[in-house]
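Two complexes, one shared chain (chain A), two partners (chain B, chain C).
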Partner chain A sequence: MRKTSILFIAGIVIVLALGFLLPWTVRNPFYFFVGYVVLQYVTIATGWNILGGYAGYINFGAAGFFGAGVYLSAFLFTTFGLPLPLCILAAAVFGAVLGLLMGYLTLRIQGVYFAIATLGLVVVLETIVHNISALGGASGMAVYGPRPPAWSPGPSQYNFTIMLVIAVAAVSLARFVEISWIGRGLRAVRASEDAAECSGVPTLRLKLLACALSGAVLAMAGAPYPFYTSFVEPVTAFSLIIGLNAIAMPLIGGTKSWAGPVLGALLLASVQQIATVTISSELNILFVGLVLIAFVAFAPGGLSDLFGRRQGRAKS
Partner chain B sequence: MSDTILSLKGVEKHFGSFRALGPVDLDLRVGERLGIIGPNGSGKTTLINCITGVYRPDKGSVHFQDRDISHIEAHKRARLGISRSFQIPRPFTGMTVLENLLVPLDYCQVDGSKEERARSVLASVGLSGRISDPSEKLTQLELRKLELARALVGNPEVLIADEAMAGLSEEEIDEVLAILFALNKSGVAVIMIEHIMHAVMRFSERIVCFETGRLIATGTSSEIAENPLVQKVYFGE
Partner chain C sequence: MISIDILLNAVVTGILLGSVYASLALGLAITFGILHIPNIAHPTLVVAGAFFVYTLSQWGLDPIVAALIGLVPFYILGVALYIFYSRVFERRGGANVLQSLTLFFGLSLVIEILLALGFGSELKSVSVSYIGSSLKLGLLTIPYRLLIPALLGPVMIGAVWLYLSRTNSGTAIRAVAHEERALSIAGLNPASVKRHAFGIATATAVVAGAALIMVGPVEPFAGRFQIGRVFAIVVLAGMGSIPGSLAIAVIIGIAEALVSSYLNPSWSPGVAFAILLLGLALRPQGLFGAAR
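Up next, the complex of A and B:
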């Protein structure tokens, strides 16, 4: 096994151990309430980057997948009493199928047309949810989550740990994609689709796979959300801020590697949470916009590229 | 099996009402060196795109090793053994030189270690010293060599070199020609599309000339040079 893989696995073990231990050592549940949102965005940014970063297909429909995960999980739990892990698994499968469908319908178009088509997905799904009374329609639905198990001290801590496991799974998947033949093929597609196809890369099939994986992760990120808020409504589940953050965070962190979206999400989501508490929740979008403009102008490769260049310069 | 490895029968390609190519009938023999010439817009690249599967012909058929591949996708044709380089180099940016070659090796069947195969092909085109460099840092000549190496790494039966020498100096042209001659010696049929006439004349056993999408002449270098139709295309009445 490569040294980087061993380090990655060690890192995961440490993060997971902290995720299970911290709820028993940190008393204030608010930190876990905030931490949940940060980890949710780590998952969203990581999921988005599989298609948007590796393959270069800018997906404006992240909120559509997230919202689908939110509603499917809420519906399965309230209607059938399905346990949370199964709700998350079902959301992942549904997200993958939705991703395949979106990919099949849109992947033959490129650039701005693809982006517009994916934006349409959010509008379509939100409209569908608005018109289904079993999902609460426009007024939303209340979801009273499961009692936390004995290994977790409270609901906020439980949601946090669940989201941490999802985030770790998402990052591990993204890393596997990145270092495998899938990632190499997707990066070739990003560089030149014709050249990739003429090199034997099944570009359409690979892009469909990326759509499915990305959709699965994005929907999975939404699955625990009903239990976190105890209430879901279309406006928040398919919110613009989710779609915007899904793009902004990988761009700020860097899209070439799995670490970029993680870094971008940790940074931006943390600052957003601090701004929400100390200034105003309404300033979030303005803040994201300003940071995004600054990065596009001064560090288009994102933070990881910036660090990489500094390291390169230091070595030489 | 016949000694024809690639065969085009009545191939036509239209873009709207504009006929970009055809009808074209053309055979390539096993291990042959075929040159394709013609002015800009004569349909050379469209022809290549029809052979490699980037375009599907509107009429006619493409046969490879006696098999109709007209409706087979481009990546499957590459795996069958039809490989190409591009007129404007298209390196897989964001990857090293070595990784550029690992992409086709991930998807094409090649015996032995992928990395060893990639390294040996890079050595054969003179890029051993650049293996770990990002492809963005290569010179024009090195980019041309990388294009060829990427096309060769999957062990093709046919290589199509689309203006692989454009923009190169005389010494650099000699280098690329030496690579193509060595490759052909190993049994690979090479189709060379080129505007650099002395290179095509030196390299090709047979040359075909296109004008406005039609094949107007075929023959050896000297026959093509003396063909009045070819002279008319290049020098006017």
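Up next, the complex of A and C:
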């Protein structure tokens, strides 16, 4: 355990150092523009997996949490001029409260109801945003992002670095949850909720905690989005593809460990970024939907499970 | 200031809308309520049904006739879906609810995108002679485009309910969810009973689709806005209670109509969901019938 933790921390330091240095060596801002989206999905997939993977409670409303983060940070920035880190923090707190609320209302019953309720969450949040004129309603609102600081060469690179820090924080949180007592409890919940409850695992409190953490990470992933696009509107903030990717990426990568969602997100988001340049966004959704069905149907353990099994077979 | 004619019109519109919602939810009341398969693709199947009706109406067919023709292909589609579903999960010994949710989620997206690619993402509507005009009864004004689909709902729900409660094969469907082994001991194949039930559930989608496209124009992603409604109806009715689903649907319809006439029409998509959340928090076993 100690050895892997040291390796993990070393990996983080290298990734962060690269993130701060690359903007000065790679000149083309397009790579950072694309990299931002990939990192955003790494964060979303990781956040989703805290609840969906470890506890086995499926959240179809990732786009709702994401959109809530987008709008909260856009609102705080344009009306109060709050600095970016505070906007991100506020989004995280808001996402946690939202997750707690959803969980409190539905988690006491059964996983199915939670999943169904999250499906409605997106519609409700979108309805609310449509009806609040301070948030721009259906026509959206323009956001002029902060000037990039001296240590970053341009806005694309700055957003990329911010997103990288968020993604690293999310992955570290997920890994902490996984190896601590929280993860053990959640795995027990996933294996058999009744058995866990009988052996004294505080199942409801653990599930609520997972809901809150997952909601916080998902909302945090949305917080820098207004500055990335300079414009927010309900349709893109609560986009279908976000909710779909949030489920598809961990399922493709593997839901048991933090590495699964990261792998799935890096793979799928990169493919999508290449694909949207060449094909339409509709075909993009079709592709992800088919891949999702294929994995649920034929490889429920995801890629990491497939590789693991092959290695196991090779050894024996 | 509440004027009586606005209130009366809102309530009547709500009852009629609720009747349409009940036909949207009927298929789910069978798959989720009775068979316990969380088919979140059902609203999308209804939209697919609406597009089927739209296609036939382009050739001059009446939407209701088109829906009746659609019953057969949609029944077959439902059977095929169930075969796929059971093949996928039987090998693993029983379906995990969350995995089947994900499967149907992916399926509904694929259907939506195929519809969008095939028909374009614009709104589509049907035009029939009786759709433009309204029925006037004293203070009430009821447009036929709402009245006729609303009458379609109770007819279909009554037929399915009679089938489930009065015939032998209907009883088998209700039995299969309770005790699969007893059914096979009695000499019936549970798998074929479930296939049949799923086929019927999917066949109701084309009639519901006809109702939906008569009420108003439909676009490929319209199913998303129905998910909250149909699940609210099925869950609050108390899983599997079909008369109960009609009652709940009417309550939701009235609530939505009141919200859109007194508050703002743009708030109404959230109403059903709010009712569902409240219902789950206060009375998880449903308002009608026993929980299982």
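Criterion: the second predicted complex is superposed on the first by the 312 of 316 C-alpha atoms of A that agree within 3 Å, B and C clash if a C-alpha of one lies under 4 Å from a C-alpha of the other, contacts with A are read in each partner's own complex, and residues count from 1 in each chain.
In this section, contacts are C-beta pairs under 8 Å (C-beta built on N, C-alpha and C of every residue); 3 or more make two chains touch, one makes a residue touch a chain.
None of these values were measured; they are calculated from a predicted model.
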| Given the superposition on chain A, are chain B and chain C in a clash or a fit? | fit
| message | Looking at A:53 after the superposition, I want to know if it touches chain B, chain C, both of them or none. Which is it: first, second, both, neither? | response | neither
| task | Would you sort A:240 into first (chain B), second (chain C), both or neither based on which partner it touches? | result | second
| message | Comparing chain B against chain C, which has contacts with more of the residues in chain A? | response | C
| query | Taking the superposition as given, does A:302 touch the first partner, chain B, the second, chain C, both, or neither? | reply | neither
| request: For A:112, decide between first (touching chain B), second (touching chain C), both and neither. | output: second
| said: By the touch definition at the top of the document, which applies to A:282: first (chain B), second (chain C), both, or neither? | reply: second
| said: Quick check on the superposed pair: does A:136 touch chain B, chain C, both, or neither? Answer first, second, both or neither. | reply: neither
| message | Applying the document's definition of touch, where does A:192 land relative to chain B and chain C: first, second, both, or neither? | response | first
| said: On the combined arrangement from the superposition, state the nearest Cα-Cα distance between chain B and chain C in Å. | reply: 7
| message | On chain A, which stretch or stretches are contacted by chain B in one complex as well as by chain C in the other? | response | none
| chain B residues within the chain A interface of the complex | 52-54, 73-75, 78-79, 83-84, 86, 90-95, 99, 102-104, 106-108, 150-151, 154
| field | Contact footprint of chain A on chain C as seen in their complex | value | 38, 40, 88, 92, 97-99, 101-103, 105-107, 109-110, 113-114, 116-117, 221, 224-225, 227-228, 231, 235, 264, 266-267, 269-270, 272-274, 276-277, 280-281, 284
| task | Flag every residue of chain A that touches chain B in the complex, lowest number first. | result | 181, 184-185, 187-188, 190-192, 194-203, 256
| Complex contacts: residues of chain A adjacent to chain C | 56-58, 60, 105-106, 108-113, 115-117, 119-124, 127-128, 130-131, 240, 244, 247-248, 251, 282-283, 285-286, 288-290, 292-293, 296-298, 300
